[in-house]
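Got some structures for you, see below.
What follows is a pair of complexes built around subunit A, which joins subunit B in one and subunit C in the other.
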Partner chain A sequence: MAKAESYSVPQSNVWERLKTFINAELINILAAILFLLLAIFLLYPILAVLIKSIRDPQGLTFAYYLKFFTKGYYFQSLQNTLLLGFINTVICLVVGFCLAYLTTRGPLVLRKPLKIISMMPLIAPPYLFAISLIILFGRNGILTKAFALNWSIYGFTGVVVAQTLAFIPLAYLMIENTLMSLNPNLEESAYDLGASEGRIIRTITIPLLTPGILKAGLLVFVMTIAEFGNAAILGGRTPFLAPDTYTMIIGEADFEMGSVLSVILIIPCIIIFFLHNYLLTGKKFTTIGGKPVASEPRKMTPLVKIPFLVIGFTAVFAIFISFGVVLMASFTKILGVKNEIVFSHILNFDSNRAIYNSIQVSLIAALIGAIIGTLLAYVIVRGKFFGRTFIEMVSLSGFALPGTVIGIGYLLAFNTPPFKLTGGIMILALNCVFRFLAVGVEAGISKLHQINIEIEEASSDLGANFMTTFYKIILPIMFPAFIAGFIYTFMTAIVSLSAVVFLVSPGFELAAVKIFDAAVYGEIGLASATTMKLVAIVVLCMMILNYLTKKTGFDITQKKGV
Partner chain B sequence: MKEKLVLSIFVSVFLAVLMGGQVYAQTVKAYMGTSPENNVKIVNFVKEKTGIQILQTFQSFGEIEAKVKSEAPNFNADIIVGCGSPLAFMAKKNKWSVPYDSPNWKGVAPEFIDSDKNWFNIANFSFVLVGNRDKLKEKGYTMPKSWKELTDPKWKDQIVMPSPLSSGTANMIRYAFLALYGEEQGWNFLAALDKNIHHYTRSGNAPTDLVGRGEFLLGITSDENVKKRIDEGYPLLWSIPEEGIGYDGTFALILSGTKMMDACKKIIDVLGTQAFSDMMAGIGYMTPRPAPNALYGKTTPKYIKLDLGWAAENRPKWNDIWKEKFRTEFK
Partner chain C sequence: MTIPTPIPMLNLIEIHKFYDRLEVLKGVSMEVKKGELVTFVGPSGCGKTTLLRIIGGFTNLDSGEVILDGQRIDHLPPNLRDTRICFQNYALFPHMTVADNIGYGLKIKKWKKNKIQERVEELLKLVQLEGLGSRMIDKLSGGQQQRVALARALSLEPKVLLLDEPLSNLDANLRLTMRGEIRKLQERLKITTIFVTHDQFEAMSISDRIVVMKEGVIQQVGSPIEIYERPSNEFIASFVGFVNFLEGVVERVDIGLNKATASTPIGVVQFVPERNINVGEKVKLVIRPETIQISQSEPTGMNNIFQGEVEIGMYVGSLAKYTVMINGEKFIIDQPNPRETFFKPKEKVYLSIPENIHLLIKTEIHQ
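So, the complex of A and B:
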């Protein structure tokens, strides 16, 4: 068809018409391309898992599900997983709230150090805490021996503690963000009218924080039940769905049963995702979009301050100690057995390639993720086509999809032609892009809601074509969202294990997987040393990025001022 | 202006990282399942002798088997250096391996090379019993003399062994006991043992480290690293209980569809040399070319009589039984 047309119409004319067409329809073309990408890299893999779980060589079957629900083991596994998810979510939300309150409303001297330590777990693999718990509380652990403790960390409680510490920063970050943009006027007037601080928190702060708390809860729940590093190292014989899925796929190539477990793992996540959406729609929270207003430091009443400080400090202390012992372990020959200072773990360079790959994958993922995220946000907010809400839903579903499931989905979907991607680096990067897309998209959406469409319309009325408008107006406005997406994807991609562990191949190893292997294997020294190297690199990258955003951010505010 | 400079420097470094990648003269991708550190030793040995760089990921034998099965026939690696007998036999049967008549493997005992040159057994390994010297003394226990003693309730939650679902060592442990006691009695023994097992580890060497660090009293573990860990200062005791121990090979084979055939052949050649056997024996393996063994010395340990073909054939069935007995029903 296209060929015939190009014969009948003069070349330049086609080109002109194509240009006007693109200019007018660019947003729809963009939407189509983005939707295609989402369909291939997010929906198709999930579908592949679903199909695998209900098919055997003879055709449709529910035999695998029947097995799941009739065997006590799997049921126990499901029960443990859900219990772990709920306990952890509650603890993380409480601790996260206390910390966020302290760092935004508490004593000024404490704000910065508390904030830094609460965020530390973000830059380390989540199972750092399994390693530190073994060092401290293992059967031959430092504290176990010193105080003759009788706490068995190999089991449910050990996993809960490790997972809680690992995901406190997620809860903290989300709640702190909302708390920062919360206009303190309401709280202050209540205070002036004589309400007690406890009452203000209960009736004003927390209700206004609902969106942040809900989002934090969703994120923590999904991460807790999907990231299986801690459960695999500390679980002992206590079954959890995510590590079981991992053993089934990696150890036994039992893709059918692994898929069933994955589907089961998705269900609670999806329920919570929809619940969260349902609770938020139709309600107006005046705080969102509001400019952060610096709150005047107010004295906290001891009745609130003391419990908050106790909770906050316990968490922060545990996090700090965990990093401390892991650092110590990376310089100790065999911690607890032969406490000599050695440099052999740190100087073991076998993992260099894996670390290099991790940086490369995370950078590619962050770049692609930030671009796609920004474009998606634009299309969702400004587009006027059918199915916009659906696209929004799909792109935000990354919040709710367990990494384990996406990993298996990629393995199933991209192992055979036409989409043969396994055994390369792109599958690792793409996986991270689509798993962590939601943050960039959301940041972009909220940025776009802040500016009036009139600026764009004015620009096009003045004769600027779409590209110019995009480049001169939209891009500068969305740049902070782009950076947010970039940083989040980079940080999560470099330490996350649950999805990529299924996709590494010879030559394309990742540091997070390597550390996990060493830890499972029992080589605590090597695992610790590699963790520390990874942490150092992430910190370095973040510093560079921070410096750059400050520089470029300055640039943008100037442009906006004009 | 300064910002632009900084930004452009950043962008160029960024691009360099993205584009870059270590360039080697010849690289071969391999699945290797010995142990993370022994893998590195083999990689370095091959590189030193041939200049070929092997890119590898460490996985347990069972995991490599699962991976190869799920990838067939589009493998993401060129060669396997270190997998168990079930996969080696399966690969030959399904034509996943490429036969190669290597000149360097002439004159090797038949148990170390396939009659049709499909697989090459680079080293036999076994399992032994390890105990933590200090912790045993603390409790006043001594190392068990026989495997039967491990079922004594006093060891409850004190023994670790690998899981036969992911570990080749554990698969070997299982078929050795099934061969020793006969299938029915063998399963009874494993069930009795299960009551004392704290948990099943993913990798066959993991119990050595866990027991060495004092997390558990006893471990049934691969013999590969025991010598090395003792030398490093772990308070480990090891023994061969009176009934004897089992063994399995560590197999190498070229995967079909490789584009690096010449390099793969060179690797197989190197693996057949006396120097390679010397290195592996120095770690503690029993090698195709006789060499003094680091763990056992010149004596040959007492082996349980085994038929590896029978073991490989029954592995899927036994996995099902194992899952049913020890995993599917929660206790």
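So, the complex of A and C:
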């Protein structure tokens, strides 16, 4: 097509030729620009961290790494982080499996309520659970005082509990998804051949679910070790990599060691990102055709039902209570100490200004993120240039990178000209854009796969050039994906803490950072109230998404961002 | 001396099943004798799978009884019933080998390892899959998967084998072969089998008895010949094979001579009354296309000869199919071995309708 056009161009008219060239090459030009952006705002900051960790005034050095592995404290931090990730993953998978089994195979009356409560943590920032644990088990905690408890929630156990509750939905949703796509006749056949329910689970259900469970596990692991808020608020004297980087940079201004910790933290994340994306794709057991049969509720044997219910209910109860106490704390002077109903937390000026700032930053992030995400999706699906997979990989990698690392990266990369951004509002928005790009890109890709390429080609056959095709055909079709990307970026950006905590400047506080500070300084009422306001905003976003999904018929919500 | 009637292997008594407010099975009762192959056939959605799942224990019934070999089993879970089901999609365990699939039930029954191996070998031989024991399931063809499913279901020698449209995932040729093989196997093992299908020809060719269902109600139970020759209502008559219906009013009944006549749109038709009918009664004559003889010259010495005109003639090789109009009534006729006598449209022909015609009385006719 493009060739045919260029023949018809009169040789003399340079302007016309340029226009034709741009038209024909537009997608490649676009790809180049997008790649440049990814390079500057995603790869370069990571690189900056890497370089910082191996350079001193004399040149290349591994002294900082040596320090990391020889000084007990640092190594302890790595150990704790990995152990936390491991324990957390195991608990989340077990709880997620029990809940998913109950909501797909269990008693009909329980399915809906269990499912709803299991997913509640999705609407809250993960650190809500740190706050709720402080309210319940902190030094002045309700339960601490009621039972005169003698142990402290600050430490390893507290972090494990908070993280588990925060990441249950992630495990639950992924396992539920695979459980639902499992042909029920398989389990029924085993039942028919004499197997008990426990045996069916052991020999049929779990083996067939392994790829899904493994995928969920990897994701939970990455999320857990990278999570900053819970470990920072509840960690106490127990070292973990993510909060230690923060102390290193903000507390001691030791950028070199901060970078080393970041690089160490990033390694498992990158390994798992690759495992997740490339080793596990396509490993799926297929069964042959025939209509799928509606799975009917079967009588669960008590031997399975009781433990599943105990585990499931404990988790669901804990989630429910956590939301409850944080909500109560928002309206109480000091919950458990001075139980007066007050509105001072909710109406707190600083809190509201922080919320306002967060909305502002997140809106900017959402707009830029949705535009870049949509364009990237288009380029990835329709482009025919070398390195397309690489662009896809980079644009999806943002979510696997720990927020703290990106935070430090931005601090290092954009502190000096030519990219002097620190101290401004753009740096806060941009890091969110590139961290949470994955959701928008994925939504866009899946939407594009639904469109027949022939529609586009038909349009260009009719003489429309690329720009017209883009406006008339592609944009309208991509619009739901654009909106999805927009709302998701907004939702994730507004609660995200781990990167912006490095980047906020005094005088322009963000809600997440405000909550973090308040929680650390024991202003639980203020932290709770601000958290609840974020929850309300997220719920509103979800409602809009839901409405749009119903209206457009494009299931945006199935692309779950974290 | 009275011969004791053997208790049926499977007895279904007044089974009702609702999905929400939709009644899917409306009082199904049926007996299956030991060693019998009974086919449940009926249009999609008539409740065949539901009935099979109730017998197997996967779906609860709302009222009624399932009695297996004299014992009531409808309260038992599937793993405690001596029935075994083959699902339409085979439901083979994809993470296991062929041998592990077949041996799954034996392992649960705590058979010894070498015993299991022996039995699996035996079953593989039975379904002609010798040597494939170590294959993974997804490395098998559709027909082979079907055989594995059968072997797995047979492994524990169930009292009743339940097959839900076992051949529907196979291509036409394979379906014919497997049909024959299943029947051979079933006869050899003398295993009581319920075979569900919506293909009436499959049902005709494989069964001892056929149960025709429609909308959750059993319409007729009988041997293939009974179902075909003496369908008990219009639905069944047209469900199994093609049929010409001819409406008429009984004109004369002569019990002594065993003869009767009815006046129809094409004239008076003579027939042998199979049962009691009264003069003036409305009837519907069921005339199968292959029972009508077609010829160029008028046959002599026979009753029920009608002249008509060929409208369409289709030569299919082994037979020719015609549409012939008689007095405005359309008849479909199968002519075996047509060769030189193939008639062209517009040709005048004589049709000879046999006298032993099956007929439906008022209650058996759809309004």
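Keep in mind that, in the parts below, the second predicted complex is superposed on the first by the 393 of 562 C-alpha atoms of A that agree within 3 Å, B and C clash if a C-alpha of one lies under 4 Å from a C-alpha of the other, contacts with A are read in each partner's own complex, and residues count from 1 in each chain.
What we mean here is this: a residue touches a chain if its C-beta (ideal position, glycine included) is under 8 Å from a C-beta of that chain, and two chains touch if they have at least 3 such contacts.
These figures come from a predicted structure and were not determined experimentally.
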Does subunit B (first) or subunit C (second) touch A:Y521, or do both, or does neither? first
Partner chain(s) touched by A:R199 [first = subunit B, second = subunit C, both, neither]: second
Tell me the contact category for A:N183 with respect to subunit B and subunit C: first, second, both or neither. second
Max touched-residue count on subunit A (subunit B vs subunit C) belongs to chain B
According to the stated criteria, A:K299 is in contact with first (subunit B), second (subunit C), both, or neither; which is it? second
So, does A:A253 touch the first partner subunit B, the second partner subunit C, both, or neither? first
Quick check: in the complex, which residue numbers of subunit B touch subunit A? 2-3, 6-7, 10, 14, 17-18, 21-22, 27, 29-31, 35-36, 40, 55-60, 62-63, 65-67, 69-71, 74, 76-77, 135, 163, 165-166, 198-203, 205-206, 208-210, 212-216, 232-235, 319, 327-330
In the complex, subunit C touches subunit A at residues 49, 56-59, 77-79, 83-85, 87-95, 104-105, 108-109, 138, 142, 145, 152, 155-156, 165, 168-169
Subunit A to subunit C touching residues, read off their complex: 183, 185-186, 188-196, 199, 203-204, 207-208, 285-291, 293, 296, 298-299
Touching subunit B in the complex: which residues of subunit A? 71-76, 134, 138-140, 154, 232, 235-237, 239, 247, 249-253, 255, 333-334, 336-338, 350, 353, 356, 359-360, 363-364, 367, 411, 415-417, 420, 422-423, 504-507, 509, 517-518, 520-524, 544, 547-548, 551-552, 554-555
